[in-house]
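These are the structures, in structure tokens.
First subunit A sits with subunit B, and in the next complex the same chain sits with subunit C.
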Partner chain A sequence: MIPYLITIAILVIIAALIGLALNLQWGLAGLVNFGVVGFVAIGAYTTALTAPSIGWLPAMILAALIAAALSAGLALLSIRLEENYLAIITIGFGEAVRLVILNEGWLTNGALGIANIQRPFASLTEQFGGDIVFVIFAIGVLAVVFVALEGWTRAPFGRALRAIRDDATISAALGKPVFALRVRAFAIGGAVMGLAGALQAFYLTYIDPSQFSAIVTSYAFMAVIAGGRGSNVGLLVGAGSIMALLEGTRFLKDFISVIDGVQLSALRLGLIGVGIILQLILRPQGLVPEARRKAADVLAKPREAA
Partner chain B sequence: MSERSFSPSRRTVLAGLGSLPLGFSLGAPVLAQAVDVPIGMVLPFSGATGAYGPAMKQAAELVVAKVNNAGGILGGRKVKLIIEDSETSATASVAASKKLLEVDKVEMVGGFWGSPEALAAKPVILASDKVQMLSCAADAVTEGETKGLIYRLQARSSQWGPAGAKVMDKLGAKKVAVLAQQNPFVVAMIEPFKAEMAKLGGEVVEVVMYNPDQASYRAEVEKVFSPSYDAVFCLPLLTDFVSISKEIYRGGFESKVVALGTGADAEGKFIQSVGPEVAEGIYHLQPSPPIDSPSYAKFVQEMGAPEGTVFLFAGNAWDQACIAILAMEHAKTQEAAVWTKSVREVCNPPGEPVDDIVQALAMVREGKKINFNGAGSTCDFDDAGNSLNRTFYVQLIKDGKNTPFAVVS
Partner chain C sequence: MRTVCALDGLRRGGAVDKRPAFLEVCTVTKRYGGLVALDACTLSIATGGITGLIGPNGAGKTTLLNVMTGLVRPDSGTVHLSGADITSLPVHRFAEMGMARTFQIVRELGSLTVFENLLLAPRHQSGEGVGAALFGRRKWWAEEHANAVRARALLERIGLWHLADQPSSGLSGGQKKLLDIARALLLEPQLILLDEPGAGVSPPLKLEMIRLVRELRAEGVTFGIVEHDMHLIGELCDHVHVMAEGRLLVSGSFEQISRDPRVVEAYLGAAA
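Let's look at the complex of A and B:
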């Protein structure tokens, strides 16, 4: 049971990283990115292709950098567009990445994918057995990313992004460099998605184009919506509960004999859809909503001091 | 009602956390009953290949029901079959395999319709020293380290290709084109097909690849069919070939169509989907089950399919379950690392040929040397775990029916 839970934990961590990145781009900065999976794929393939020659750490850094550069590039091209148009462009980007990976066999080995990717700390893994070493490593990566993103959320950078999300015109009038801030948010998000891809490549030790389908993007949006847009803590809860639902429903058929496997697989995604709809009706702000300061918090202070 | 909100103390939280392992220990006996022998399968029920899973599930369940009704194995223990959905996704297959291995404690993880799913799950299954059985074709799965734990019931991609070339030769087609879906099953067939065509004095003039789930295949179909080559080798799955065959029919092209059974038969689903007019004149090939044997006829009947149906993947699932059960009985243990050494003992010649699982079990108990033949193949394996003696069964669709055309090896 424990090794299975560790597997789930690693999948949750990968989903959480992707979710955190989307939460920065969409939750905080208000930039819709439907091409999430493209950046994850770029991270995974960069890592898989370069790790054998330059080592796992430089490969992960390179994966983050390339994903960030492509994110920034895409943002520069398209970020002046209003929400809906940005959404369309990013969908196109995600799909284009998948098709390039599928068809450029000389680089990516096409549909056959890349097998036998070496994990970091392979020798330690043999010593302790199982995925224990890897889950600790993954938790470390998640912790670093979470602390960094949470720091930025509280910093002036995060406040400015929230202001831009709520009203870009007013922020610009107040002298905020709206365009530069948006590009930066998009690039940082891209880098984190690249890292998530690197972890996925290391964990599965095999990657192929079918892993990077649009469903990954959907799960990221579900996690952000379930957790509460703009809240990093909420995101962790959201990603955890989506994965718990997805994997937990596997066990339904072991306990309830009326449902057989074929019906269950049809029901599973439906159940999650119903769950999200119910949540949006009953708790639209998410499980752990973004902390919002009211005007009264700020205004009350001088009187207390007096 | 108290106004107080729920705010647990440190002790409550600690007590709660401390009791978590208790919960697992309570759940454990329900999940893995010591008396049952658990085997598992990862099959596609959803996603792009979801259409192929249900028949495989039905076949594997039939085997287990038969064995259990006849008294079980290893001195009266029941076989317990646990099936998980692969979602046609490598990531989901890893989670599913891990669940089967760690929660259900299975000794064999079978199924694996798709090669990406199998390749991703392979390291996980080998690390647990359990047996992996495949119904997928990519050569890569049985290459490299297998620990002697991997068995493939399907023909390899590199066998499908040459078989296609031999069909072309039988049709007298010299200048041919290839129209193929970009997927791991198919991609690996193309080079061996070209090589065999060249050996037989033919030529592959053009190869056109298309992506899965395209909205339209008209451009690709026009490109390979307009020049009127002698024949076009189509390497599709079911849903795309339904669209492609309609495009071919609409265009009124003259080239002969030779397709994989995965697309142009799919256990009879193709003709059902497109109707007799569109399907007319299409040749298709697939690894041959033992069509003429009485036990295969019985298998088709038990599956509830019309007589003469060629099952490809369901037969594989049937054989996977049979082989695991027979090898366990032969080795007198459920321990995968031990009974894997018995697989060739019960499957490969020499030995008395037998194709009924209950009868085969009885013979193994009597200590007889058997040579088990399954519903999908003769179940003989080489050292890497690939199946030997694969012949391909070629059919021609005539008047809305599959008619036998040839057998090629």
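Let's look at the complex of A and C:
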């Protein structure tokens, strides 16, 4: 049971990282990104390919940087487009990444994937046994990312992004460099997605193109919608509950005897869809509302950071 | 400061506005397909004054305002601010140049609170940088506090302080207009362009707005006002441009233009 819970914990952390990134891009800045999985895949493959030669930490940093650079590039090309067209471009990007990985065998080993990826702290892992060390490492990464994103969200940077999401024209008339801010938000999100991919490569120690299908993107959107657009705390709750639903429904077969396991597994995804729809009807703002700065906070504490 | 195109504007118009121009629009033309929204339009807004811009619907007033603030690129012609050509400047740079505007149809940033709407506006916020937002916290928090003090004073002045922490989407139409002006003021502009500030505003709020604009003018702010409400124009403006069919028809004081037969004709048709 313990190894299973650890697996779930790590999958939740990876999903939460991807969700946090999308929450910045889409939740806060209003930039729809249906190519999330492409950036995760780039992070994973960068890590898998470079970690043996440059070490795990530089490989993770490189994964984040490459994903950020590609995000920024894609944003520069397409972000002037209206929302719907940006959606189309990002879908295309996600697919293109998958196809490149599948077909450029000299680099990515094609459909066979890359095996035997060395985890960070591999020697420690042997010493303590199991995946405990890796869970702690993953929690550490999540914590750093969460604190940084929460800092950005609550800073004037986050407020400007929210303003741009609400109305880009007004924000521009108020002197906000809309284009530059959007590109930055998109690049930061891309970097975090790259990190999530790196964690996935390290955890599974094996990656292949089939891991990077569009369902990863869907889970990220579900987590943002469930948690509440713009709220990072809500996103963690959302990602947690989506994964809990996905995994928890596996155990339904122990309690329900009317339908068999095969039917149940087919029903699981449907149940999650129903859950999301119910939530959108009953609580459209998400589980946790977006944080707003209270006037009294800013007025009262001149030197203190609240 | 007077340029060739300013003189051209004077030839068409009536009385001469002798003060230097703060904002000048020179022979600006803008077409939307076959429709000529602005037809070699030339006019100016005098420094320190309140300049009105009136005309029948479809005269091109809002298009002109959009050209003045960079939201619409003219097909030809130039816009000068204190002598500098700003025609092709990106929209967000206009605020830096000391120019602010409000919108005809109120476009509030609905998910921000009233107070956040105001805190958004001030220029040069270090906390908007990616690095400084995380590592320059002390600095931007101090800026934030200073801006908050100004924002509070403004909200008290326009009577919206009790709504500070409410989402701005919940305000009434008139309150949104006031918030729009207050937000523009936090940019510390030298020139504010108001697009129909009186539309949909209750009479008491309108009086409040007139008082606010007068006070600000006394503090040295220049105004340009697009408006249909002649009472508001008469109360506030010391110079009025009348537009019709994308051009400047007449300019002068409110008394001069309201007596001008061409203005009456433009508004009521040739039969009048």
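One rule holds for everything that comes next: the second predicted complex is superposed on the first by the 291 of 306 C-alpha atoms of A that agree within 3 Å, B and C clash if a C-alpha of one lies under 4 Å from a C-alpha of the other, contacts with A are read in each partner's own complex, and residues count from 1 in each chain.
Criterion: a residue touches a chain if its C-beta (ideal position, glycine included) is under 8 Å from a C-beta of that chain, and two chains touch if they have at least 3 such contacts.
Predicted model, so just to flag it, every value in this text is computed and none were measured.
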Taking the superposition on A as described, I'd like to know which of subunit B and subunit C A:218 touches: first, second, both or neither. neither
One more residue to check, A:265. First (subunit B), second (subunit C), both or neither? first
If we overlay the two complexes on their shared chain A, which of subunit B and subunit C does A:188 touch? Say first, second, both or neither. second
So, does A:173 touch the first partner subunit B, the second partner subunit C, both, or neither? second
For A:78 in the superposed arrangement: first (subunit B), second (subunit C), both or neither? neither
Within the complex, subunit B is touched by subunit A residues 1-4, 7-8, 11, 99, 102-103, 105, 110-113, 115-116, 130, 200, 204-208, 210-211, 213, 215, 247, 250, 254-255, 261-262, 264-266, 268-269
In the complex, subunit A residues that touch subunit C: 148, 151-152, 155-160, 162-163, 165-167, 169-178, 181, 184, 188, 230, 290, 292-296, 298-299, 301-305
For a test of understanding, state which residues of subunit C touch subunit A in their complex under the given definition. 69, 71, 90-96, 100-101, 103, 107-113, 115-116, 119-121, 123, 125, 127-130, 133-134, 137-138, 140-142, 144-145, 147-149, 151-152, 164-165, 167, 183, 187
Sort out for me which residues of subunit B touch subunit A in the complex. 24, 28, 30-31, 43, 45-46, 50, 53-54, 57, 82-85, 87-91, 94-96, 98-99, 101-103, 114-116, 119-120, 122-123, 127, 138, 140, 144, 182-184, 186-188, 209, 211
